[in-house]
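What follows is a short report on a single structure.
Chain naming follows the written order as A, B, C, D and E, and within any one chain the residues start at number 1.
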Amino acid sequence: MIHHDTKQRGQSPGTLTFTGKQKVDRTKISVFDYNDNSYVEKEITSLDDLKELKFDNKITWINITGLHDINALEKVGRVFNIHPLVLEDILNITQFPKIENYDDYLFVVAKMIDLSPVKSINIEQVSFILSKNYLISFQEDEQDVFDIIRERIRKNLGRIRKLGTDYLMYRLLDAIVDNYFFILENFDDRIDKLEDKVLLNPDHVDINSIYIVRKEIMNLRRAIMPMRDMMYSVEKEKDRHITKSTYFFFRDLNDHLNQIFDSLESYREMINQLVELYISNSSHKLNEVIKLLTIISTIFIPLTFIVGVYGMNFNTKISPFNMPELNWYWGYPAIMVFMLAIGVGLIFFFKRKKWM
Amino acid sequence: MIHHDTKQRGQSPGTLTFTGKQKVDRTKISVFDYNDNSYVEKEITSLDDLKELKFDNKITWINITGLHDINALEKVGRVFNIHPLVLEDILNITQFPKIENYDDYLFVVAKMIDLSPVKSINIEQVSFILSKNYLISFQEDEQDVFDIIRERIRKNLGRIRKLGTDYLMYRLLDAIVDNYFFILENFDDRIDKLEDKVLLNPDHVDINSIYIVRKEIMNLRRAIMPMRDMMYSVEKEKDRHITKSTYFFFRDLNDHLNQIFDSLESYREMINQLVELYISNSSHKLNEVIKLLTIISTIFIPLTFIVGVYGMNFNTKISPFNMPELNWYWGYPAIMVFMLAIGVGLIFFFKRKKWM
Amino acid sequence: MIHHDTKQRGQSPGTLTFTGKQKVDRTKISVFDYNDNSYVEKEITSLDDLKELKFDNKITWINITGLHDINALEKVGRVFNIHPLVLEDILNITQFPKIENYDDYLFVVAKMIDLSPVKSINIEQVSFILSKNYLISFQEDEQDVFDIIRERIRKNLGRIRKLGTDYLMYRLLDAIVDNYFFILENFDDRIDKLEDKVLLNPDHVDINSIYIVRKEIMNLRRAIMPMRDMMYSVEKEKDRHITKSTYFFFRDLNDHLNQIFDSLESYREMINQLVELYISNSSHKLNEVIKLLTIISTIFIPLTFIVGVYGMNFNTKISPFNMPELNWYWGYPAIMVFMLAIGVGLIFFFKRKKWM
Amino acid sequence: MIHHDTKQRGQSPGTLTFTGKQKVDRTKISVFDYNDNSYVEKEITSLDDLKELKFDNKITWINITGLHDINALEKVGRVFNIHPLVLEDILNITQFPKIENYDDYLFVVAKMIDLSPVKSINIEQVSFILSKNYLISFQEDEQDVFDIIRERIRKNLGRIRKLGTDYLMYRLLDAIVDNYFFILENFDDRIDKLEDKVLLNPDHVDINSIYIVRKEIMNLRRAIMPMRDMMYSVEKEKDRHITKSTYFFFRDLNDHLNQIFDSLESYREMINQLVELYISNSSHKLNEVIKLLTIISTIFIPLTFIVGVYGMNFNTKISPFNMPELNWYWGYPAIMVFMLAIGVGLIFFFKRKKWM
Amino acid sequence: MIHHDTKQRGQSPGTLTFTGKQKVDRTKISVFDYNDNSYVEKEITSLDDLKELKFDNKITWINITGLHDINALEKVGRVFNIHPLVLEDILNITQFPKIENYDDYLFVVAKMIDLSPVKSINIEQVSFILSKNYLISFQEDEQDVFDIIRERIRKNLGRIRKLGTDYLMYRLLDAIVDNYFFILENFDDRIDKLEDKVLLNPDHVDINSIYIVRKEIMNLRRAIMPMRDMMYSVEKEKDRHITKSTYFFFRDLNDHLNQIFDSLESYREMINQLVELYISNSSHKLNEVIKLLTIISTIFIPLTFIVGVYGMNFNTKISPFNMPELNWYWGYPAIMVFMLAIGVGLIFFFKRKKWM
């Protein structure tokens, strides 16, 4: 099932509609406000507090979880002066990953991917508004891959508290992309297992399960490919919203996405080859089965005919032409030897044809 | 059946011929004349009234329904000074979607798609003549996706009465494209159902029905792909017939068409994989059937031969070599045990080969 | 059979060799000399008369039919100062469609396609030398699609007598391209019929006939594709050999070729899908056949074994173990009921497996 | 077997190693020295004579046959000041066709293709060093396609003695490319014959022979494709090593290579379709065979069961339930009619299913 | 199994993690310090000695083997002022081949490929830091293809001691690429053998082994393709880190990589065609088997029915209609001739259908 933009037809563009399912009880806004020397972490309960936020030369990361509360998001939009079409894209979870430059901020849509408990992939949209002093991130669900980043801010590990919002966004995107590797490993395992099965035990392979993996790879590819395309257009933003030194890290991220994409491509090729192999193997098996059927039939059907002949009830007393063999002294042994000869002959025939 | 330009061969280019079927009784011309403060809606019965239309700084939307009446359209062409080749394209419903810049106006051809009652797609051509003060739209049939736009004009909802003809055209195109999503959902459902069937109940899948869906997706793709290509060339018209702020909305439309196209591509891939899966599944089934046949035949054909042997009428009185078993005390039990041994042996053989 | 340039190897380039088959008795040269007010139509019998032709501000169309007479064509070449390599290309009917700019004239090679009586496509090369005052067209055979153009010149219909040689060439190319639509319709019909057959009556489809249509589409595509590519390069000639207003019509022609090509692409896809459908259908049929075989065999082969058992001639008088059932009072009914039970059981088994 | 550069690993680049097989006894150097008025043809036995060659405003064509004698080639390299990497490429017969501009000369690698007696293609590398006054050609074997060029030089036919070394190289390349057409014709014939067989007599087609033709087409394509790519880069050399008027002829050569490539592409498509057709045809045949098997089995297996029933030896005297039919007056005719009815019924059944 | 970047998720970028397996006991640093006149070769045991290295106008090649000792590599990084992201890439053995320009040095990642003893390919990453005076190479394992280069330095063979670090790097890359040819030859052999088997002895081909070769070619292609892409970007470094004369050699290397890639592409095509041929051949074989089954069954099943009829125990004494043939004088011969006629008839039928 591919989700579509289910905004009501005819609605004015910019009318806000959340196209996903509500995943959290209420929209939660958490704020990290930090510089190299100090940091504050708080949760904002009243939207009015948002306006109070001051950006006194610090970095502020505002993380908004839960997109179903359209009123709240509209308020956020007004406070931070976000364009209605941008808000619409944030709420439309079928939006493709993209980077759009608005003079005051950079708008970025990315896809966070998780393995759902039932081992199928679960794609969640994460959007970013990157401004000089603050970064706002929007996500559907509380579950994310950002905890390590939060920890690093709290403990002032590495460069994160020393650099700007662009580096923070890079770190968040990097966490998303790193998680792709983890998902790839899961596919790697599943394909390896399927391959082993098809090679060693083709009878117990369920073609449906290959099909399902193939479909999931297709979906993964659909989600990741535009991420890669998007990352190419980061270059245009160099020196505008992204500093040159941070751009350097984005290029590295691009490398990672290329690697991931290459892996996905090879998975696709591998799974297609597995299907082919499966089909070859099962048609090979069919050949074996039919050969056996043919060998058995070819040997015994003519012999059964012969014994049928001597089971006929012709009256041997009336005429010497009526099955005289029945009354011969060596009749039975002769016919048995004759049939044995036929059988052995056919076996030789099959041996020579390399069927046996 | 792909419709072709059935203009008579050798006709002068610019000779007007309607290449579709007449879908309405008579050509109907309805006019919306509005600005932010007032609006007039009227239907024009006499073509001469067209000339009376004044564009006193208002926006005028002239919607023409029914393209079979060539005389009427020629008159329209003369009143609004439309190039003969443009009129020819309006009437040729096999025309590809395109955007062509004529100095006085922009000519746009689009495809409106509907699900016909029999669930097959129905493609209708809609053309636009976009000028600074008026927008003329041409459509084959009365049924359209524009009613919500009309309502918004009447009730002055949103931006529509505040902005120009370019925004009006954007809203009409947006209504067309939004409807594609609705059609995609229908295909989504059909493919999901087919997939469920093929996965769970492959015996009851009719391969012909997969083929038909596949063909419809192909036709949908053929209609939508040039829409997407067309939208790319809107950019060239920026600042000419389309204001910069409206261009912004067109870019959004472009995003939607890309999403639609990506969905269509994945439908195509999914349906191809479904066909493959169906074939794999049915060949798997065939293997099962043939295995059963082979098992039964391999077990019983030799046994039938054996019982045939003892059904032969050799005269056992003439010679001790003629089937002495028939007169043995344990003859029958012995032969039954012998046959049972063969049968059990073969079953073990098949078990070991994992056929059973 | 793809025809190749059969010019003798090692010949000097520019050596004239006609690579096709002679289709007319003798090379015929017919001339239309016209302007808006008057027109002259004559046939030239002596090549020397060619030199007498004066182009006094009129348009002259010289149509040459039959390319086997190399002497005649060399003379034409000398009279009109045509480059030897151009003449070579005119005579080489395997030449790809192309547009080449020679300072004095534009050289155009096109492919005219006809359905031959046996319903196969027949490709004929038409070349044009376009100069300011005259247009020379070269064709292999008398049969062409230009009669309507001739009629329009004679009757001064439309624009043709008012515009220049470039418009005349456009009209001739347009007649050629219009004829493609006619040929496409023929293929459309054939594919529709094949599709109906494969969907409704797959048993009576001859796979060879699908193959032949597919091959013809391939050949059509090979002929039309370079026509389309050629038309793209017309743009470069704008303002040189082709006036701006006529270029406008050429762009329209380009649109038509794109439509034709798109149709051909979809035919190709449709015929490929038809082949797949045919194969799926016939393998489905095979499954049905084999299922029946297996059901019948699985039911009756074991039963035949059982009746065979009771046909054995063991001496029941010697031992109570030798088939005592034969002498039981309820023996026969018991065995019949037993066999019936087996048969009914197997039928239930097949029903549950959904084979019946 | 694809030949690889077998130069010893680790060798210094520019170390000369001939990577082919020796095809001639000794390296032969023949010289044509000509202008429009006179010509000299001689064979050079001592390499020292090479230095004596004077280029007094004449054209000199030095043709070197046999590349195994590395010493000789090194001497040639020194005399004509050829870069070591160029010499290495001349000797490496797996080199791709290419054009490389060295300030003093143009280096060209081409592939000459011949049909070997056993009807398989045989690819030979020909290299050219094009300088203003001389053209050096290097070939592996004495057998070449240049005899006609030699004859034209000797007899001063056509333009060849009037134009420069660039035209001479064009003529040699043209002879090579013309020969491709000859080879294509051979493939054309073979594919036509295969097609006839598959269409008319699929039983006698050897799939291996289709495979071999397909592989040869693949090899041909691999050799010719880079020739085409190379020819595109001739354009860059216009006005440097190649005069403008000769460039004109090269463009013509390019046209030929495009035609050849298009033919190869269509051969590839045709042979792929042939394989598909072959497979369809043989699976169709299989269906027919299995239908017959099923019809015969379905009719006779139940009947054989019935006659088996009446072959049982139940004691009819003991009980009236033991096969009383055996003692009926109309028993045998009744059972025969019964079986006939079953047989006819099944035949009707198969007729209705269109199996017969 | 495709290896992934297994750096712990959330780690700071630039955190060093070796993603491969430790292949050597301890990190070894060997240094070649040479110019045209003298050379020194030594092994560095203490990392502090690295700082002592003086580049007094000589060329220094520092080769580091074993990447598991992160501390050592960090020290190297500090001594030579290597960017943390570069160090990270050196240690991440899943890095794609690439060339990155850092102002002070050029960073190059390449893939060295070896055949492992079990005939499967083994890919090892080699990185280079190219500076004006020194070249640092990093490799995972001691086994490499550079011994010949070392020998040439020691013995001052060829140009190597006369030219700069860029030429040294070229020679090392050339050694890597030359080794690819060796690996290709191995694949060439394996494909040739598979082809012979499939053509001559398809019964003994193991489809799994074709699949494994195909997968290895896919992996080889994945490793080599980015090498080729990388080499294209060498051009950008011309005149910066690579001198013009050395660039010339890199272009040659590029040629080699193109050749290798073309070979890989044709291997891929060949192996795909082999799979198709294998499938065709085995389905052809299946047809043969089933034909035999059908012939035998069609002949003998009806005959067995007939003899079954005369094996029925109808009481011939009760009625003249009960199988009177049994008591005819010529009954048995008549029925035998009748059956012979059926058999011969069917054989003729099969002969005419060309099944026999």
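The criterion applied here is as follows: a contact is a pair of C-beta atoms (placed from the backbone, for glycine too) under 8 Å apart; a residue touches a chain by one contact, two chains touch by 3 or more.
What you see is a predicted model, and the numbers here were worked out from it, not measured in a lab.
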Mutual neighbours - chains that touch chain C and chain E alike: D
Chain A to chain D, fewest steps along touching chains: 2
Note the rotational component of the Cα superposition from chain A to chain C, reported as an angle of 0 to 180 degrees in steps of 5. 145
Centre distance in Å when chain B and chain C are each reduced to the mean of their C-alpha atoms: 26
For chain B paired with chain D, centre-to-centre distance based on mean C-alpha positions, whole Å: 41
Where in chain E do residues touch two or more of the other chains? 283, 286, 290, 293, 297, 301, 304, 308, 311-313, 323
For a test of understanding, state which residues of chain E touch chain D in their complex under the given definition. 145, 147-149, 151-152, 157-160, 174-175, 178-179, 181-182, 184-185, 188, 192, 199, 248-249, 252, 255-256, 258-259, 262-263, 266-267, 269-270, 273, 276-277, 280-281, 283-284, 286-287, 290-291, 293-294, 297-298, 301-302, 304-305, 308-309, 311-315, 318-319, 321-323, 354-355
In the complex, the residues of chain C that touch chain D are 1-2, 4-7, 9-10, 12-13, 85, 94-96, 98, 203, 207-208, 211, 214-215, 218, 222, 275, 278-279, 282-283, 285-286, 289-290, 292-293, 296-297, 300-301, 303-304, 307-308, 310-313, 316, 323, 325-333, 335-336
